[in-house]
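Some structures to go through are shown next.
Below, chain A partners chain B and then partners chain C, in two separate complexes.
Our next item is the complex of A and B:
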């Protein structure tokens, strides 16, 4: 098993190198000269040449690539063309701001999804299930920003419960002393509970937006998984043994666990990359809005840095996921020991339709043997 | 444990026949009326934008009528620039729906053959690794970067969305090919010497196209949302051109002041289109299930 985990890590490292190459290649192809963008349309050729030399853009392609690879592996992501601030520094101060609403949002989504999905599975075909299915289709059809705007309209404009969508701190809050660079962490460290409270109050609507948006896929997965397992022999047996409903539910849930964890990682990656949308609705000073700004301006190091960090985070998530699933699910371990099994030669092939992956891309990080 | 504690799926506790028939009539996704309505919306909205006379010029700002509430002359009100929301909402369908459908078609054309042939061999493995790497990249960022890369017109949005959506079809058709490749008839076809191309399309794909079609419809619905999200962020659209996403972005600031119409109507139109596509997908799915059961 250790060998399996090590092989996953090795693959992840290779993918990371590929990702660095890809982010370099993708961005090098951007049209327009950054020097022209930086200086405006009236720049003299001499100025452009000077800026190009300053940014290292006059060197040949291969040299730039090797240089970039070396710097990136050392953890230096370069400096923004426009503001001159260090990209890795920016990411370190902004990523916590994004995580402040993203992680609670995903946990909220998991809770809502599990609760609703379980209810729907247990009351299959009845009112609660019908309502759940309808709710899921409505939520699935709703893009994130629509949900965010709807919540804003209801809770800020109509009910006056939520604060205005103007970032993390209001102008009346005293920003905490700078220690780590991220406002939320600093406030906790400095013990400024009023600032923490303010941040939490402002984060409430983004959290609910995330929670509702991602609850639908979770709920759907839980419902489908539980429906299958509730009709399976092992649950029938558990019931026949006279286990309490709660215990039966626990056994049923342990079967859905793997899929749920896969979803958690997939959705985390999706949420990070979609952070720009929520952040632009709520004017949140996170990593998403910053990267979008960089992309729109053609700020090459910012784009590269963002693509890399997002990709690396997802890869890390996949490796953790594979490890966890192998640890938790004995069935996958058996497959590794038996090594590569010839697919579908043993089983009679089912000519039925293949179950379509529900949301977004199919789980990529499932146990592959 | 009591009878009530058992799930409804246990045999003997199912809904009775007449109750189910009633439910089918009310809730069934393949309800003919619903499907007809859905198709009418998806096909009709762009046609209406192209051929029907709009009450106002969707691009003409009227400085005397800024932020007017819905009423007699302006059915859906006017936005912050004084442009008629109704005309713009309809006009936007001309761009949004065809772009979403074209992107889906393109990703189908690219993704399905890749998936059908990526089942085995070094090349297949390589293709799947590349697809995995793509899945690790942030979707919106790929879309934004590629639109930026290409210049930023409607065709570039099509390409970007297709790039984002194609991996899904690769996976799906690959899964189908994997499941079907040891089926009797596929083995028979190979035994009598059919070419791989013929097997892939005539034998494997023909038996899996339903799933792909359902996924394609869902992808189109998804693409509508993604396009709107991109336009909402200001990518892939030039300001006066109306698209639902851009209109929602314009209306957002009015929404916060309490003037809901400029954002609400494009949102409704978009949700209507997405919902219609979902209904169509559901209907196709039910149809396939019925065919499968009849076999």
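Our next item is the complex of A and C:
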């Protein structure tokens, strides 16, 4: 089993190297010259050459690649062309801000999706199911910024329940002393409950936006998966044995659990890339809005850093998922244990239930993209 | 006398799967249901225990089981009857057993569902049933998962689960179709032995007339949602009344008939 986990980690490392290469290559292929973007359209060729030399862009491709690979593996993601701030430092302070609303948002999405999807599957073809299907269609047709703006319109402009979408802390809040780098965590540590409250109040609408936006595809998956298993011979037999509805539901859930877990990780990856839009709407000081800004300006190290972090996070998620699913299912688990016991017996490696994603698809994989 | 009278119409949309089917299963009796695919065999038995797939619905008739009309019972009560009073043997054991739950746990879940205490005694009963169903090493099977079993063994486990709470009626929906020919006989032997031995009744759906001839007391012949003929096996098979039964019986390759045909053909060719 340890052997299996090690093999997964080895694959993950290979994919990570691929990801670094990709983030380097993709950005090099981007149109536009950063020096021109920095200096404006009226820059003289001499100025451009000077900036290129400063940024190391005049070196040959291979040298830049090796240099980039080496620096990245050492944890140095470079400095922003425009602000000069360290990319890894920026990510380190901004990523926690993103997670403050992203994780509760995803949990909300899972709860809503699970509840609604289950209800719809059990009430298949009836009113509740039809209402669910219609709701999902509407939500899935709506881009997340529309949803965010709609929520703002209702809860901020009309009902005055939510604070203005002007970031995480209001100007009257005193930022907590820096301990972990995450403003929310620092506020908790410092015991500044008014700041915590302020953050939570401001995070509410982004959380609801994320929750509703991702509840739709997740709920749809739950419904489809459950419908399939509920009409299967397995559940028929379970019911024929007189199992209680709750037991039957647990049997059904054990069947769709792999699919749902896969989808959760997929949603997480999609949510990370979707964060850019939500953060723009709510002026949230997270990693998404910052990277969007970087993309618009052509700030290469920022784009590379963002792609890397999103990709690596998704990669980690997939490796964990793959291992977990394989170990949870006795059928695949048995294979691994047997393989570990008799290593001499040659047997083609059983592919995991989830194909390992290619590095390129990881950061952008999602139902909407 | 234990009676089961069923008479109903089921409607899937506008399709009527069964057009008023009436029959009964007596105590200690094995009744076979035969007919071609789509004739409503499986629908009949599923209607009895209310396990029809969503659009299917029994719209008329009664299914009386020990003085209770099963069709009028609320889901809550019919659930208590399923598994405890009426056991169900599924067609394909691998799609019926839960792949990720240990066999032992699946047994104890059944016990729990019916409020039967889960203790050493209930475990022993499961082991005993597995052993008498012909499972080798029941102890190991109990601790394992469905995918570790062969088809025949898995079906024996399904039979043991169906009989776990000592039901008075067993419904078997093509219990051997998914199995190898060589295993089919053993499984059927087991199933009928365990049924007859303890005064249970069985309703067995099959399209294998041989199964009916060898194991059943009475037979129901179904065609296009109608019961075209029913009666003791000896009577229906020897003197079929309905033309469909005749054609069904003729469709079976009978060794004696084939030999006779061959003999006449041979004598013909010799005379030429």
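Criterion: the second predicted complex is superposed on the first by the 307 of 369 C-alpha atoms of A that agree within 3 Å, B and C clash if a C-alpha of one lies under 4 Å from a C-alpha of the other, contacts with A are read in each partner's own complex, and residues count from 1 in each chain.
By definition in this document, contacts are C-beta pairs under 8 Å (C-beta built on N, C-alpha and C of every residue); 3 or more make two chains touch, one makes a residue touch a chain.
These numbers come from a predicted model, not from an experiment.
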| item | value |
| --- | --- |
| First (chain B), second (chain C), both or neither touched by A:231 | both |
| Partner touching more residues of chain A, whether chain B or chain C | B |
| First, second, both or neither for A:7, with chain B first and chain C second | neither |
| Partner chain(s) touched by A:241 [first = chain B, second = chain C, both, neither] | second |
| First (chain B), second (chain C), both or neither touched by A:124 | both |
| Chain B versus chain C as contact partner of A:276, first or second or both or neither | first |
| Touching partner for A:83 - first (chain B), second (chain C), both, neither | neither |
| Contacts of A:194 with chain B and chain C, given as first, second, both or neither | neither |
| First (chain B), second (chain C), both or neither touched by A:156 | first |
| Residues of chain A that lie at the interface with chain B and also at the interface with chain C | 124-125, 231, 239, 242, 245 |
| Chain C-touching residues of chain A, taken from the complex the two chains share | 124-125, 231-234, 236-245, 247, 251, 254-255, 328-331, 334 |
| Parts of chain A lying in touch with chain B, wherever the complex brings them together | 15, 18-19, 22, 26-27, 29-31, 121-126, 130, 137, 140-146, 149, 152-153, 156-157, 164-165, 227, 230-231, 239, 242, 245, 269-270, 272-274, 276-277, 280-281, 291-292, 295-296, 298, 303, 306-307, 310-311, 314-315, 318, 343-345, 349-354, 356-357, 360-362, 364 |
| In the complex with chain A, residue positions of chain B that touch it | 1, 5-10, 14-15, 27, 129, 132-133, 135-141, 144-145, 148-149, 151, 167-168, 171-172, 175-176, 178-184, 207-208, 210-211, 214-215, 218, 221, 225-226, 228-229, 232-235, 248, 252, 255-258, 260, 263, 267, 270-271, 274-275, 278, 288, 292 |
| For the chain C and chain A complex, residues of the former touching the latter | 49, 51, 53-55, 79-84, 87-88, 90-92, 95-102, 109-110, 112-114, 145, 147-148, 158, 161-162, 164-165, 171 |
